[in-house]
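One structure is given below, encoded as structure tokens.
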């Protein structure tokens, strides 16, 4: 029954990588807490780099500086 | 003043259906808790089926198998 | 498979009222979108009135003024 | 280390305005709580007006009436 | 820079189990997407069983029936 | 109509500090986007340091090491 939300920047994540995130997060809840995978939900949000900030700055600008 | 967030897969939900979700969720808070609808906010997130997992698996793959 | 999050102020909501919110929100997704209730998740967050603001002001203070 | 999520309707917000929201929200946490900006995250979600409701009504319809 | 939110029912999860969830979710983002762990944030929300619903029913009631 | 969610660790934040976060976040949306403060909602979540992780580690442990 757990609900896991993964927020990442939208930078070319593939469907295969998303599948691995979903499988891995679900397995983590099984391994650590014995949760039932059948009702474990994982939602991945991809966020434009203009809409994500860290250290007070847009990721877009950090990427321009090679960070 | 309640805030309601509805997350669903992005699979052709119409504007009319969204309007019904918004009206229904707002009315539910009025009926059960007597909340003021004027400041009740509903936000609907539509999530790509590649980005939604249940039972450790992408919804995209489940749909391919007819589930 | 929908996920519904209801945020309300913590002001004496009863277990029975929460049960009605859960049942009502689940039924709304069945009625409007034909979703499967078995995998529909509802999470209710109760937030202290000190931690909820509207119009730039804490709800605690609004309640003190009878609003 | 704070995490700030700002949800607004998708109505032509510019990259420059987003940069100001990110800088301003980060600075607010520094000023009020002395938080470290280096690990402060801000995520802006832009939501279609069909998917945002207030007072039980889609913002799209409110905009049509000039509200 | 990813942000991961794990919502589970409040049913005696230990500090050690939470530490394993945090370490495991962070490592998952490193393994699958090569993310920097230093700025990866994990937040665990524990939700009272009265406030969590599935299949239209409170978890509290499901637990009473041994589910 | 914006919705702003601020997540911070639960470490003795006062009601006065919360009031300043609410007022400041609301004003930010007025200043940058001309939003109507009357329907701007701010919700502050305080999260136990056991439940917040960064760099794969619980904040509780980081605090023990003086970080």
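We just call them A, B, C, D, E and F in the order they show up, numbering each chain from 1.
Throughout what follows, a residue touches a chain if its C-beta (ideal position, glycine included) is under 8 Å from a C-beta of that chain, and two chains touch if they have at least 3 such contacts.
Not measured: the values here are computed from a predicted model.
Counting steps between touching chains, the shortest path from chain A to chain D takes 1.
Contact with chain B and chain C alike is made by A, F. Put simply, the chain farthest from chain A by mean CA position is C. Ranked by separation of Cα centres from chain F, the top chain is B.
Averaged C-alpha coordinates give centres for chain B and chain F that are 25 Å from one another. Averaged C-alpha coordinates give centres for chain C and chain E that are 20 Å from one another. Centre-to-centre separation between chain D and chain F, using Cα means, comes to 14 Å. Chain contacts: chain D has residues 1, 3, 7, 21, 25, 39, 41, 43, 52, 54 touching two or more partner chains. Per the contact rule defined earlier, chains pair up in contact as A-B, A-C, A-D, A-E, B-C, B-D, B-F, C-E, C-F, D-E, D-F, E-F. Residues 15, 18-19, 21-23, 25-27, 37-46 of chain D touch chain A in their complex. In the complex of the two chains, the chain A residues touching chain D come out as 7, 47, 50-58, 60-61. Residues of chain B touching chain F in their complex: 1, 3, 39, 41, 43. Those residues of chain F whose C-beta lies close enough to touch chain D in the complex are 1-9, 13, 17, 20-21, 24-25, 28-29, 31-33, 35, 39, 52, 54, 59.
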